[in-house]
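Next come two complexes built around chain A: one with chain B, the other with chain C.
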Partner chain A sequence: METLLQQVVNGLSIASVFGLLAVGITLVFGLTGIVNFAHGEFLVQGGLVATSAIALGLPFPIACLVAFIVEGAIGWCVERAVFRPLAAQPVLGFIASLGLIIAMQHIALKIWGSNQIAIDAPLKQVLAIGDVRISAMRIAVTVITIIVMTVLLVLLSRSRWGRALRAIAIDRETAAAMGVPVQAYVSATFVIGSALAGLGGALLLSLFPMSPFSGGVYTINGFAVAIVGGLGSVSGALIAAVILGMVEAIASGYVSPVWSSAYAFGAMIIVLLLRPSGLKGGGIA
Partner chain B sequence: MKCYWSKAALVGSVANLIGSLSLGLVVGTACAQVPATPTGEPIKIGVISALSGPLVGYGQPLLDGVKMAAEQANAEGGVTIKGVRHLVQVVERDNRSDVNNSVAAAMSLVRDNGIKFIVGPATGSEVASVVEITQRAKVIQLSSAAILQSMLTKENVAPSMGNRRHLFMMQTPSPLREILTIKMSMKYLGSPMRQAVIVSNDSNGDYIGKNVEDAIVQSHATLVLPKVQYEPGTTDYSSYLTKIRDAKPDLLNVWWLPTDSINILQQAMQLNVAKSYFTFGAEPADVIQRIPNVDNVLVACGPLCRNSSSTPAIAAFWQRYAKYLGPNTKFAASAGGAAWYYDGTRMLLNAMQIAGTVDNTDDIAAVMAKTPFSGTLGLIKFDDRHRAQSGFDFCLLSKGKATCEFASP
Partner chain C sequence: MIEKTLEPSVTSTASTFRAQILSLVALAIVLGVLPFLGINSQFMQICTLAFLWSIAAIGLGLLFGEAGQMSVANGALFGVGAYVAAIGAREQVLSMWTALPVAAVTAAFAATIIGAVALRVRGHYFLIITFAFAELWRISTVNLRELTGGNQGIMVLDPVVLPGVGEIDSLRQLFYLALVAVIAASLIVAWLRSSPFGRNLRVVRENERLAISLGLNAARMRLTAFAISGALAGGAGVLYAYNLKHVGPEQFGASAGIQIVLILLIGGARSAAGPVIGALVFFLLPLVSRLDPITTEILYGLGLLAIVLLSPQGLVPLFASLVKRAWRKKKPSILSTTS
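Then we have the complex of A and B:
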């Protein structure tokens, strides 16, 4: 029983990581239609920026903020220089994002080197209830992820900004005709998506080491969650993160650990066969 | 008494003086004209290594080791063979951590540059791709890649006939390596009888994991569950480690990939998976930095732990390496691997001297195969499959402090 509880706790922890990955992907796609395969590189760079901030003596929460701001700024540059010119042809934007992966990896390699980088976790305690154990840092990351996603959901569903975003996602031309500055919102969404990736990277760094080559795995897992949840749906991403995190943890623990990724992607295929638009596909929020 | 020089005596003295000076001049001129040890063509050693890309952590130490050995040889006047002095020149090629680039580099060195000695690449798939090129050209090749032990057999390294007789593996092969590590675990970690293994799910993980399992059984310990293999690229091992914890092991053996080891150790300790842990390839200083109060962990380095001084030769090696890198330069994560290549290159140059040739790779290979060499890693000798037998640093981490010992199979 305690092993099952431990695997459930593991699964929720994995889910929080998946959620962080997926929320930026789904937000960017929902509004812009761009499938940004370089999202994982923004995440990793955010983590690496956070290590530099910490090396300069900044406390971890400030380092997270620095990563959030820096990656947001990079996102603004990338959107203006790469994706905006290709906005009329999203497929080209996708191809450009593949090139962006290589470019960002090599920039990171030049600045931070190829070795894995890790930081001392700000919270080192391990909480134990019987045989069920979880590190305090994992709890903190899970809580922060839930807060971020909740804030996003509330903003998207209740705020003027959220209403405008939803209008653009449904019908861009009509939204523009109604006076919504579409391009500004597209840029802002890309910036927020990139900034969230940066924040995610900084938080993940407190749990796991990173190198400039870590982005690929994060991108694939993030996309799986975003697709299962329904591209464009933040609440869908949250639900999908929990489902896939639990599937991976329980299946690895009780079936065979060798197939851990296969379980999550197998679940993705099943969901898409039954609901091609994902669990809550069809619109943002 | 008054002394006087007669005119004849004076003339004689002057003549003697002039003669002596002349003789000295002639002799001096003759000596100046006798040549110093003649200098022959430099000995060119090719290096194929990952100097960029994800494997640079393994590739850079390889080049460093070869260059250090070359610089040392040149500082000592070069390598003298049959009265002719040869300086050592290193010709490097960056394979960018890629198999295709490794092949291109090998062809460039062997076919375009006529290089007869190649060191590297350091890792499995890259070295396998290069072997076919070097061995057909009878080029002596050294590498520490573990994959070589499945590529080298008694038959294919047989002198004169074997088609891989010019290929040498610088790392202690499996299962000797794994047997040594289990023996050291038993010695330092209180004879843990219930053991488990975690490795990555790739060809190296399969191979190494199987050897560790066999070594555990040979040592009469109990393997509490079959090796657990995680997907390469995994960063969250909690579900794998929970499965292992369920089997209640005394010792968890954390092997391939070395870059994942510290992360796995940290998560395993958070989950309280086992009473003690062994890992291969992590640096003790890095483990202590990430897990400050680490206790009951035995680390084996590949082959030397950074800045260790477990023997005088090892301490001297690290001093030499620090001087080579210069001030303000840090050792790479796998810097200890440079020792394989430093010793390997020195073994090669020694073999040339004994064989009395810089060209005849058959003779050089034959000498190298049967001549032990006293180096940084102790007395290194090749077995009948051209696989080196040399030791490793082992460090016991106890309450955040490391105590190290160098041990050989």
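Then we have the complex of A and C:
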């Protein structure tokens, strides 16, 4: 029982990272139809940027902010230079994202080297509730993610900005005709998605070490979450992130950790076969 | 959409088939005399590897060029073939020649299963599933240690025996074996392109609803094209394992799949000789430019972006059309009499 509770907390912290990653994937897909396989590279790069910020003497929360801002800026450049010109050709956009993977991965290699990089956990305390011992860092990661996601969901469902985004996702032309500056919104979404991935990377780094080659596995996890949740749906992605995070934590606790990516893959296939539109198909919020 | 960047006509076959065969013959002659021009052994070895990778790219060319469907899984299917050969050799049950059909069938079967899942839900999901499969394959080869040797991989120490010739082990012999395999694979794909099957694939690509209303089973045709591309990748994997004498998990993940996509796009998805030229450019560029491997990879990544943004039909076709245009400018009289 104690282990189960511990695995649940572990699962929630993993789910946080999955969620931060998948939101960008699902929003960008929902708005533009682009499958961006380089999204996991933004996560890894965010983590690596955070290590550099910490090496410069900045405290961890500021390092998270730096990763958030830097990846948002890189996301803007990539959207502007690569994905906007290819907006009408999703297949080419996908191939371009493959080129981005190679370029981003090896630029990271050049800057940070190929070794696994880890940081000292910013919060070392372990909370003991009875026999259950829970790392404070994992709770902090979960809480930060819950706050960010709540803000995002409220914005999406309540604000003008969110209403405009939902309108674009449903019918781009009509939204444009009603005076929504579609291009600006698409750019902003890409920037937010990349920035959230950067934040996810910084948070991930406080839990696990990473290397420039970690991106591929996280990309798959992000897509698995986005597909299980229904591509285009943010709340679906969050539900799926919690489910997959739990599956991964509990299965690695009780079965074997080496197959953890395979569980997400299996869940994705089962959902595709049984319910192709995902848990919450249609609708961006 | 993508159609605009590809060949405008769906039905052109006979003349282009002849053109494809001619370009293949020319390519075979040019490459066939290379070993007699005093090239060094490193160069010859790299050409051999380039030939084997280009077979996988040729298969992907059928899927992407004709059916309009891209895949990242072909790097893993290449690995399926290589591991079938390596495990078969280790267990002393398969020689290279028996491994070839077994690997081709196994890889085609794997492609069919991936495709059957992915094509139930169409479009982008296909790409995502192929990417996931590529990484799953890498994870499996790391983790299934008893079968795959884990991170160490498997040594392939069996010699290649050609009936009537004996053991082939010199670099030159391996070079010619790979060259013959490339030309054979190119001929198969050129023939498929010009066959009714190839034409139907193009119909499916250009207008799926029309294709279905004509009684074509669009999903099954795409699946067949994917299976054929898998079989070619699997066969190439066998030769690759016997050439490198070692297989390991890092050779065949999603990055291998991306490498095949890059080779295909340098060469052009719809040209017969393109993938071979693409692979040669890909493998010889670092040798010629003498850049360190990481910088080379960054340039490849940016190069792939540049190709997609500027010339998605491929670099070799772009070059060919530029040459053609320059040629026409020089001789305007020919143009005016024919038009």
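In the analysis below, the second predicted complex is superposed on the first by the 271 of 285 C-alpha atoms of A that agree within 3 Å, B and C clash if a C-alpha of one lies under 4 Å from a C-alpha of the other, contacts with A are read in each partner's own complex, and residues count from 1 in each chain.
Heads up, the rule we're going with is that contacts are C-beta pairs under 8 Å (C-beta built on N, C-alpha and C of every residue); 3 or more make two chains touch, one makes a residue touch a chain.
Predicted, not measured: the structure shown is a model, and the values here were computed from it.
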{"item": "First (chain B), second (chain C), both or neither touched by A:216", "value": "both"}
{"item": "Contacts of A:10 with chain B and chain C, given as first, second, both or neither", "value": "first"}
{"item": "Touching partner for A:249 - first (chain B), second (chain C), both, neither", "value": "first"}
{"item": "Which superposed partner A:273 touches (first chain B, second chain C, both, neither)", "value": "second"}
{"item": "First (chain B), second (chain C), both or neither touched by A:265", "value": "second"}
{"item": "Which of chain B and chain C A:133 touches, first, second, both or neither", "value": "first"}
{"item": "Shared chain A contacts, counted only where both chain B and chain C touch the same residue", "value": "109, 216-217, 258, 261"}
{"item": "Residue ranges of chain B touching chain A (in the complex, touch as defined)", "value": "52-54, 56-57, 201, 228-231, 233-236, 238-240, 242-243, 245-246, 259, 262-263, 270-272, 289-290, 332-333"}
{"item": "Residue numbers on chain A that touch chain B, as the complex places them", "value": "3, 6-7, 10-11, 13-14, 17, 109, 114-116, 118, 120, 126, 128, 131, 133-135, 204, 207-209, 211, 213-214, 216-217, 248-250, 252-254, 257-258, 260-261"}
{"item": "Residue numbers on chain A that touch chain C, as the complex places them", "value": "29, 33, 35, 37, 82, 85-86, 88-92, 94-96, 98-107, 109-110, 216-217, 219-220, 223-224, 227, 231, 258-259, 261-262, 265, 268-269, 272-273, 276"}
{"item": "Touching residues (chain side chain C, partner chain A) in the complex", "value": "1-2, 5, 68, 70, 72, 117-118, 120-121, 124-125, 127-129, 131-132, 135-136, 139-140, 142-143, 253-255, 258, 261-262, 265, 294-295, 297-298, 300-305, 308-309, 312"}
